[in-house]
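Here chain A shows up in two complexes: once beside chain B, once beside chain C.
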Partner chain A sequence: MSLRVDNLKVYYRTLRGDVKALDGATFTVADGEIMGLAGESGSGKSTLGKSLIRLDTRMRLVEGGVELDGKPLPIGDQDAMNAYRFKAVSLIPQYAMSALNPTRKIGKMISELLGARGVKYSEIKPELERRLDLVGLKREVLNNYPIELSGGMKQRMVLVLSTLLNPSLLIADEVTSALDVSTQRAVAETLVEFRDREFVKSMIVVTHDISLVYQIADTIMVMYAGKLAEKAPADVVVNAPRHPYTQLLISSLPEVGVRYADRKLAGIPGSPPGLLNPPAGCRFRDRCPLAFARCVEEPPFVEVDKNHHVACWKAQ
Partner chain B sequence: MSMLSLERVTKRYRVGAFGGRELTAVRDATFAVKAGEVVSLIGESGSGKTTLGRMVLRLASVSGGHIRFDGTDVSRLKGRKLAGYYKHVQGVFQDPFSTYNPIFKADRVLHTIRPTFFPEVSAAEWRKRIDTALESVRLDPRQVIDKYPHQLSGGQLQRMLIARALLLDIKLLVADEIISMLDASTRIDVLNLLADLKERGLGILFITHDLSLGHYISDRAVILRRGVVVEMGTTDKVFGNPRHPYTRTLLSSVPQMHHKWTRADIARTIDGSCAIHDGGACAGEPQLVEVDDDHLVGCAAH
Partner chain C sequence: MRRYFARKVAIYLLTFFVAVTLNWLIPRFMPGDPVLRMLTRTSVSNPDAIAPMREYYNNVFGLDVPLWRQYLNYWAELLQGNMGISVWLFPAPVTEVILDAVPYTLALLIPSILLSWYAGNKVGALAARRRWLDNTVLPLGYALTATPYMWIAIVLAWSLAIIAGIFPVAGGYSFDLQPSWSLVFFNSLLQHWFLPFLSLFLVAFGGWAIGMRNMIIYELEADYANYLEALGAPRRLIRRYAFRNALLPQLTGLALQLGVLVAGALVTEIVFGYPGLGRLILMAIQNQDFFLLQGAFLFIVIGVLIANFVIDIVYVLVDPRTRTGMTGGAA
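And then the complex of A and B:
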């Protein structure tokens, strides 16, 4: 087991109280697994991704723990966490376009970054060049400023950079959402390639686009309003989801081949609850067509089938 | 008879220090939108799709060619005639949160139309019309009236803007990426709403980068690449039998829900054969050639 997250709760501090953005997540990610983490805005997917590497000043670890490769990961402790960042856990930020320092040449920036982690640039340079070749970037980009690269090139550069020290866990936060369709595919396939070559052991791909993550992920975990709704192999989530939210969400997504004239898709009525004072019980019940009396109790996230976890009374 | 027709529309921007260089954002775009028809304008970033929409809405000037609405050249309209044009043609844009002024209540956008366009209508009568318009976009007036923009969801705000357009005597709606910022579970409702309005006779220019959305809703599709229309025609033909290599590349890279990417897609993409010059040298003429009934393709060199 590469990553084990146990009852993790991370709240945002606000003047009006705590926003319960991530309210009790328990799951594991196996070695070599690419897990897609899908959800709508406000579902807590980015909070979960971020809390595994760096809690910002508004975020507060309330409860729960994280284990990486059998050892606890001190996510609540900023300084202790520093020893793990980049080496054991690494992140590709949402806006990779603006993640590179514009005032440094890329090679210089990498050498400073490695220096801060006590690694010599000259030692890692051959490997860096091999990986640049792999993603189709010229070695000369190391002498360029970030502004000289296109969006897709910057995204690939950040991808190489974040995985340079072979981290155990890579968190990719919406890495493809700012890219065009054709570059999107190339970047997504590079993620798979990096896993296959064992540059990273396991990966969490945070996205709102289920159809994209379905292409590359082994498993998909769906979140709703700060809670886990469902986690299963990618094919199962897309073809045979058990949680009503996943079912409705999947059936509301248009894809090439579906026409309004032939098959009218329907959205999910209503909107997610506010997370300042979320209702007790199942958070989807106000919008759920299957809701019944028991839904006022909170459904546990349990394994209903092999590797298939669902938090719904109706699915058990 | 086409309601909106574009004829060799070109847009050039001056860029660089002191406007020393010229950049052609759109070159010789020719297509039309009929009443009761949804035309998708599909392209990646920098393809000129938004520029085209802005030119139709008169938010950007036309550098060459003509945009005609019901036979009149749009670019020459001024004063009262321009107001008359805006009575029929309206736009809704990508970001609903920045469209509204956060200081005022959201329904202000519905009230400000009256003095400009309908000074003869009384305030009470106008309020009734607002209710009807809101209901026709499936919003409950009691839930959205007297609220500030931050109290409403993106989908509600976007629908309110469509309601605003409906209050006018609208014939053409330019919808520029209107659902790309909405959540997956609610965006389809806004899309279905557009399809309903279309069935009531509204013409829609649907600008998007998302092929699946374009396919879902539109009757005709126009594929843009670097400011040039490379392929256009009925949606069935453009998506079912794409003839331009660029369209094929786009279609093979779009992530599908029940179909995983395969190597075969890529093989199809590499086949960069030109639909016009079969095996011959591509000169790269800008003209589109009709390869099938209502299906035009440009040269692969574009």
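And then the complex of A and C:
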């Protein structure tokens, strides 16, 4: 098992109380697995992704733990965690377009970053150049400033940089949402290629676009209002989902497998509950067409089939 | 790059031309007749004598030819460094009067602007990372920038000069001294220089410190800083980047400061009776000495243009974003 997350709870501290953005997540990601992480905006996908690499100052680890390659990952300890960042866990942020320091030449920035992490730039440069070739970037981009690159080029540059030290786990947050459709496809395929070449062991690809992630992911995990709803192999999630939310999600897509640019998860009446004081029981209850008496109790996230986990009383 | 600078130079030349023309025009449409003023000052009572004297002065000042000729003459003289003759200090040439005053102004402004910029940025950057410093620098900075400058100047003059008597109240040097290359004179210069310098330094310092602190905090929350943190970059590296990027807007601010250089000194020089360009302008206005006024303004315009040009060049050297703007960039 590459990644094991156990009952992870991460809240945002606010003046009005804790926002329970990630409220007890338990799942695993296997070696070589690309896991798509889907769910509508605000469901806690980025919170989960950030928790695995760097909690920001407003985030608080409340409970739970994370293991990577059999060893505990000290996600609650900023200093101890630093040793793992970039080398064991890495990130392609949602804001890849602005992720590079605008006033440094890209190559210089990389060499300064690597130097600070105890890696010799000159030693890794040949590999860096091979990977630039692989993603179709000219080697000269290292002498460019970020502003001289197009959006797609910056995206690929960040992809190469983030994976340069062959991390076990890569978190890619909405990597395609800022790109046009053809570039989206290319970036998604590059992610698969990087996994196949073992630059990265496993990946969590955060997206609100199931139809895109379906094409590259081995498994898909769906989140709803800070909780896990369902996790299963990609084709099972798309063709035989068991959670009512996933079912509505899939049926609201025109046709999975066909590319629909920036398809938002919409079309389900109602809206998710606020996470400041979420109601007890199943958080989907208000919108669920199948809700019944028992749903005031919280449904556990259990394995209903091999490798198929669902949190719904109706699915058990 | 070449084209960029060629364009810049062209713009500056055009600005210079327009400024000189305006500079020539404005005093001529100001109320008051300088020649008449001179005549009243010399209190010529015989009306028969006024006419020839008027003719004489008009000739001296070059006012006896049509306007367009005056304008052309003005340019011709200007290009030879000749800006006419002062009415107020008749018959001293304007150029000479100005060159006497300029060292005082520059000695006041350049150190106060540069030192306050440097110290303000240093302290502001430190404040962005040390809480106790932040808690003292920030209120102090806001207090300094919010206080009207006039007030600070007067309080300084009143407390340190009049009450404590540590520094002289007014003037550029002691009245009982003649300018010379002596230690005594230099010492007197320094003493008279200190208070006006301090007042200028203080007001500007607060603004720079606050600006830098806020810019750094903003930069530390920028996406690139977050990304570097996610990749485990040490705080030191991120701070270095943030500092450098935060410095760019401060550099623009510095350019603007250098631009309004003399306007800032006007009040200082009046409060402290300091014999620089600012006071010269006041005197020129009071005496309707439009040649002197023109000369002073022209000097300011040239200063502003040079300062901006230098900053343009510096900016190109430090900010790659302006550089790509020049070549069109590779989209």
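Just so it is clear, the second predicted complex is superposed on the first by the 304 of 316 C-alpha atoms of A that agree within 3 Å, B and C clash if a C-alpha of one lies under 4 Å from a C-alpha of the other, contacts with A are read in each partner's own complex, and residues count from 1 in each chain.
Just so it is clear, contacts are C-beta pairs under 8 Å (C-beta built on N, C-alpha and C of every residue); 3 or more make two chains touch, one makes a residue touch a chain.
Predicted, not measured: the structure shown is a model, and the values here were computed from it.
Residue contacts after overlaying the shared chain place A:Leu276 against neither chain B nor chain C. When the two complexes are overlaid on their common chain A, residue A:Arg54 makes contact with chain C while staying clear of chain B. In the superposition on chain A, contact of A:Val302 is made with neither chain B nor chain C.
Using the contact criterion defined above for the overlaid structures, shared-chain residue A:Asn82 touches chain C, although it does not reach chain B. When both complexes are overlaid on chain A, the residue A:Arg104 reaches chain C alone and has no touch with chain B. In the superposition on chain A, A:Ser211 makes contact with chain B only, not with chain C. Of the two partner chains placed by the overlay, only chain C lies in contact with A:Pro93; chain B stays clear of it. Of the two partner chains placed by the overlay, only chain C lies in contact with A:Leu113; chain B stays clear of it.
Judged by the document's definition of touching, no chain A residue lies at the interface with chain B and also at the interface with chain C.
Chain contact summary for the complex, chain B toward chain A: residues 44-45, 153, 183-189, 191-192, 195, 209, 211-213, 215-217, 235, 239, 249-251, 253-258, 260-261.
Looking at the complex, you find that chain A touches chain B at residues 40-41, 180-182, 184-185, 188-189, 208-212, 214-215, 238-239, 248-250, 252-260, 264-268, 271.
On the chain A side of its complex with chain C, the touching residues are 53-54, 56, 82-87, 90-91, 93, 95, 98-105, 112-113, 116-117, 144-145, 147-150, 158, 161-162. Those residues of chain C whose C-beta lies close enough to touch chain A in the complex are 222-224, 226-234, 236-237, 241, 244-245, 248, 318-321, 323-324, 329-331.
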